[in-house]
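In order of appearance the chains are A, B, C and D, and numbering begins at 1 in each one.
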Amino acid sequence: MNRYLKLVHLEVHRFRYALFSLMFLTAAIQITGLVHTTQVRVKGWREAARLGEHSTRNFSFADVIGDLQFLFAIPILISIVVLGLYVFLIWYRDWIGRDKFAYRLFTLPTVRRNVYMAKATAIFVFVFAMVSFQLLMLLLERQLFNWMVPSEYRMSSLFAEAVASNLVFVRFLLPLDGIQFVVYYGIGILAVFVLFTAVLLERSYRLPGIVYAILYVAVCGAAIGGAVYLNLYNYFYPREITAIRFCIYLMVMGFTLTLGFRLVSKKITV
Amino acid sequence: MIELVRVSQKYTYKEVLKDVTFTAEKGQITCLLGLNGAGKSTILKTIMGLTPIHGGSIRIDGEEINQNTYERVSYIPDHLAIPASMKLSDALRFMEDFYSCWNKDRANELMRFFDLDLDERAGRLSKGTAAKFNLVLGLAQDSDYVIMDEPFAGIDLFNRERIAEVFSSELVGNRGVLLTTHEVKEVEYLIDKAVLLRDGVVARSFECEQVRSEESKSVVDVMKEVLLT
Amino acid sequence: MKRYMITSALILLILASLGTFYAYGAELRLPEYKLQTLEGDLAEASKLTLLGSYVGGKGSYPIEVSTSGSKRSEQTFSNQWMKNKGPLHDQTFSEFKALYKEHPGFMRGKMGTDGYYSDQDTLIFAKASYTHSKDTDQEGTIRWSIDSLDLATGKQVRYTDELTDSVQYTNVIDVQKAGSEIHVLTNVNRVNSGNELIDMVFNAETGLPIHSVQVPLGKPSRNDRELQIQIIAEKKPTAANSRVLFLVTESSKRTDNTVSASDTIPTIFSERLFEYQYASGDVKELPLVAGAEEENRPGSWTLHSLERATYTTMHLSEEAVTINRYDLSTGFAHPQVTIKASQLGKGTISQAQVADGRIYLLLQTGDYFKNNSMPIIAVADITDGRILYQGTPAPVKANGRPDDQLDDAQFLNMTIMQ
Amino acid sequence: MNKVNEWAGITFNSRDPVYAQVVRLFKEKIVTGVIQSGQTIPSRRELAALLKINPNTAQRAYKEMEDQRLIVTEGNSPSRITLELDVLRQIRAELLGTAVEAFVATIRNIDVPLDELLDVIQQKYTEAQAGKRQEPPEAPFESGEGGNNDD
C-alpha cells in the first residue's frame, strides 16, 4: 500500500473515536425523536379511531421525518461544527500537545503533498462517512417506523420522499439531484482545500501569515461565491455559465493546491 | 557528508542563523555546541526540511533535501514525536510501515538493549524511557546519518550512560552522527568534531583530538574561550 | 490489511450507500401517466401537453403529461446547470429551439419572444430599453437596438437609436419588415397617463432611423372613462405580418380606493378594433366581431389572435367555446364554429386554444380541489367543429406509489407546441 | 571475552589526546600484567564501547600501538599483544622512566639526601607490595590522572 493511503488511514485512525461519537450522537437523537413522534402519532390515530373519527389520510415515514426537521438537524449541525473545527485541528493538533507529531509527520520519507492530501482525504472520508451513516440511519429508522405503526394507520412512502421532507437533507446534505450533490460537495471540497492552505500560510509565516490567510480565504471565498451567484444570463447561455463556474472552481482549486503543496513542502516551520 | 554552506535563516526579520557553514562526515560524530538559543536545534530542523532557509544550501551526499533524504538521514528530535495513545508496538509498526530502511531486527535488539516494554503507551513513558524509545525509532533505520537533538536533555545519570554507550556501539556503526547538546561532558570523549555556535554564527569548528594534541585544550576549554569572551 | 479495517470499512460504506442512493434511491419517482384515448385519433393530441402537479404522498410536484408519457416538469439543478439551451428553451414555439441550434451567436443573451422577425433573407431582433438618468429630475434615455443577421452571408449588424424622454418603461411589441424598412412597434408606458404606441422605422440597409409614427389610439370620450388597449400582433414570434390590430376598450375609470367588489369590474362602454398597416402607416377601423355585452358576462372571456391574415376570436365560457375567423386581406368571414361542453360527455370547459387549424379544449370533470378527477382534453377541427380526438390522462405505472395515490394528480393547464 | 570490569570506570584527561591516553593505558596494563603478552584484545569498536570513547579514537590508538609494535594484527583475526620481549622491556623501561621522572619532579623541592630518600622508597615500596598481594590488581596510574578534567 502506498504511503498516501497509509497516511489517510493514520488520520482516520486518529479521529476514529470522535467520528464514532458523532455517529452515536446522531443515532441517539434521531431514534429518540423518531420513536417519540411516532408514538404520539399512533396514539392520536388510535384515539381518533376509538371516537369513531376517520382521519383524512394515513401517515407515512416521510410525514414523521417532516415533523422532525429541527431535531434531525441538531446532530447534523453538531457534526458539521465538529468536522469544521477539525479542518483546522487536523493540522494544529500536530503542533500542539506533548508529542508534536509534526516532527514525525514531516520527516516521513514521502512527498509532503501526500501529507496535505491525506489530511484532506481524511476530512472528506469523515464528511461522506457521516452522510452515508445518515442514509443508513434513515433505512433503519424506516424499519423502526414500520414496526411501530400498525399497517392500518400507515401509508407507504418512497425513500427519496423521506429525504425530501427534511429541508436539511434535501437542501444541503443529500440533494436528490446527483449533479447537485457533486456540485455542492465539490464546492465543499474546494473550501476545505482553501482553509488548509490558509492554515499552512499561518503555519509558514506565523503572525503575518494570519493576515495572508484571512486575505486568501476572502479572495477565494469571493471567487467561489461569485461563481455560485454568477448572473450573466443576459449574455451567456446556461451551459456556458456552468463552464465559466467550473473554470473558476478549477482555477481556485489549482492555485490553492499549488500554493498549499509549496507551503507544506518548502515553507512550513515545525 | 552533510554539508551546510552559508546557511541563513530569518524569523520575522530576526536572523536566527547567519552564514552557517560546516560539514558532518559519515563515520564521524559531529557535535553542535552552544548556549540555549544559539540555533543548534534550528540547524537540525533546516537539515530535515522542518523550517525553511533563506540563503545558502544544504546538501546530503551532494543532493538537496528531498523525500529520499528521510530514508538516508534519521532524525531523533528532542522529544518523542509519537501520539500519546499509541502503544510502542504500534509505533514500531508505524515506522516499519513508512520507512523502507526500517531494520526490524535492529529495532528488536534496541528494544532489548534499552529494556523497553512493547505494550506500554507512548504517553505513559517516563522522560528517560521516552528518550530511549526515541533513540530506538531513529537508530533502527538503516540510514547513513543520524541526527539527534539534545539526546541527554532532562535524562537522569543512569540513562545518560546507557544512551552514551550507544554512540560507540554497533547500533550507530559506521553512520555519520550529528548531535546537539549543551552538556559537553557527556560527549567529550565521544565526538570527533565540534561545531561551536554563538547567536546563529559558527564561532569555531574543530577536531577534538587535534585541539587536545596541538593546543592541549579540552573541548570545554575551547568552548569557554570562544563562547564566554 | 486487517489493521486498515476502519478506513476500508468507512470507504466501503461511503461507496455503497451513496452509490446506491444516487443510483436508485434518490429519484423521487412519481406515478407515470399517459394520455388515454377516449375516442378518435391519438396523433391529433401529439402537440398537446397537460401541466399539473402530483399531490400524492408528501408534498406537491409539478408534472406534465403528453401522448408520449409523463415527466416531472421542475427545473432541476441539472437542467439549470447542464441541459438548458437558453432563456427561450422552454417556449412552446418550437422555432426557438431551431434558432438556438442554427444561430447560437445571434441568439446570445436575447430574452423575450416579441422582438423577433425573420424571412428568407434576414433574422432581426429588436429591443427597446429605458435607462433612468442618475439625476432623478432629468429625463432618461430610451434606447433601441436592432440586431440584424443576414442569413445568406451570416453577417450580423447592430443598429441603435436613442431618444431622451421621461417614461416608466418601454418594450417592443412587434417587429416587421416592410420593403426596405424595419418597423419596431414599441410600447411606451408613461407615469399617470396611458400607453403610447410608437412605430420606429429604420432603414433596413443603413440602419438609420427614418421616422417614427405615433399610432393614434383615440381619446376617452369622457373624463371619468379610460381606454384599455389590447394589441393583437402576429402570433408566431418570428413570422412576418403586414399589420397589427388594436382592440380599444373604453371603460369606466378604475379608482384607486375601490371598496366593494363590484367596483373592481369596470363598466365597458365601447369596444373598437383597429388595424395598423406597417407599410402605409394607415389606421383603419374594422367591424367588431363579438358584442361587448356578451363578453362582459362573468365567467366568460374572449381571446383574440392574428395569424398571417387570419384574425381569430374565441369566446370562451364553461359551457361552450365559439370561434369566429376573418380573412383580413379579403374581408371573408369563415363560418362560426361552436363547441359545447355537452358535446363532450362531461365536464366544463376551462381552457381552449387555437393552433394550426385545430381547437384544443381542456375540460375539468370535477371539483379538482376536492377529488382528483382527471380532466378531459379534446381536439376539434377549426373549420367545422368536428371532434377529432378526446382523451384523458391515466396512470400507467405506479413507480412504487400506493394504489390509492395514483390518481392524486391535478392538471389545470395545457400548452400546445407550435 | 567478557572484560567489562577490567575496563570500567576509567576516566581520561580531557586536555590530552584521548588516543595517547588509550595507548598509555594499554602499556600500563601490559606492564602490570593485567593483560598478558600474546593475549587477544577487544576490537576497536568493542574497546570504544567499553571505554565510552569515539570508535575513531580507538582506531587511532590501535594504529599507534601497531606502529609501536605493541600489538599485532594478522589478517582478519583479532589483534593481540605482541610477544616481542624487546618491545615489552622497552615499554616497562619507558613507564618506569616517566614515573620516576614525575616522582623526582615532585620531590625535588624537598631538600632530602638521596640515602634517606632511598630508605623511604624502600620502606613504602615494601608496604605497597604487601598490600597489593591482598587486593586485586588495579591500574596504578588511575588515581594520579583523575579529577583533572573537571573544571
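Points to keep in mind about this one:
Throughout what follows, a contact is a pair of C-beta atoms (placed from the backbone, for glycine too) under 8 Å apart; a residue touches a chain by one contact, two chains touch by 3 or more.
Note that the coordinates shown come from a computational prediction; the quantities given were computed from them, not determined experimentally.
The most centrally placed chain, judged by C-alpha centroids, is A.
When chain pairs are compared by their number of contacting C-beta pairs, A-C comes first. Per-chain Cα centroids separate chain A from chain C by 43 Å. Between chain B and chain C, the centres computed from C-alpha atoms are 82 Å apart.
Distance from the chain C centre to the chain D centre is 116 Å, each centre being the mean of its Cα atoms.
Chain contacts in this assembly form an open path, with each chain touching only its neighbours along a single line.
Pairs of chains meeting the touch criterion are A-B, A-C, B-D.
Residue ranges of chain C in contact with chain A, taken from their complex: 4, 6-7, 10-11, 13-14, 16-18, 21-22, 25-29, 57-59, 76-78, 80-87, 104, 108-109, 111, 400-402.
In the complex of the two chains, the chain B residues touching chain D come out as 27-29, 161, 164-165, 167-170, 188-192, 208-209, 212-213, 216-221. Those residues of chain D lying in contact with chain B across their complex are 12, 14-20, 45, 48-49, 51-58, 60, 149, 151.
For chain A in complex with chain B, the touching residues are 3, 6, 10, 14, 97-104, 106-112, 204, 206-208, 265-270. Within the complex formed with chain C, the chain A residues making contact are 1, 5, 8-9, 12-13, 16, 60, 62-63, 66, 125, 128-129, 131-133, 135-136, 155-161, 163-165, 174-181, 183, 233-239, 242.
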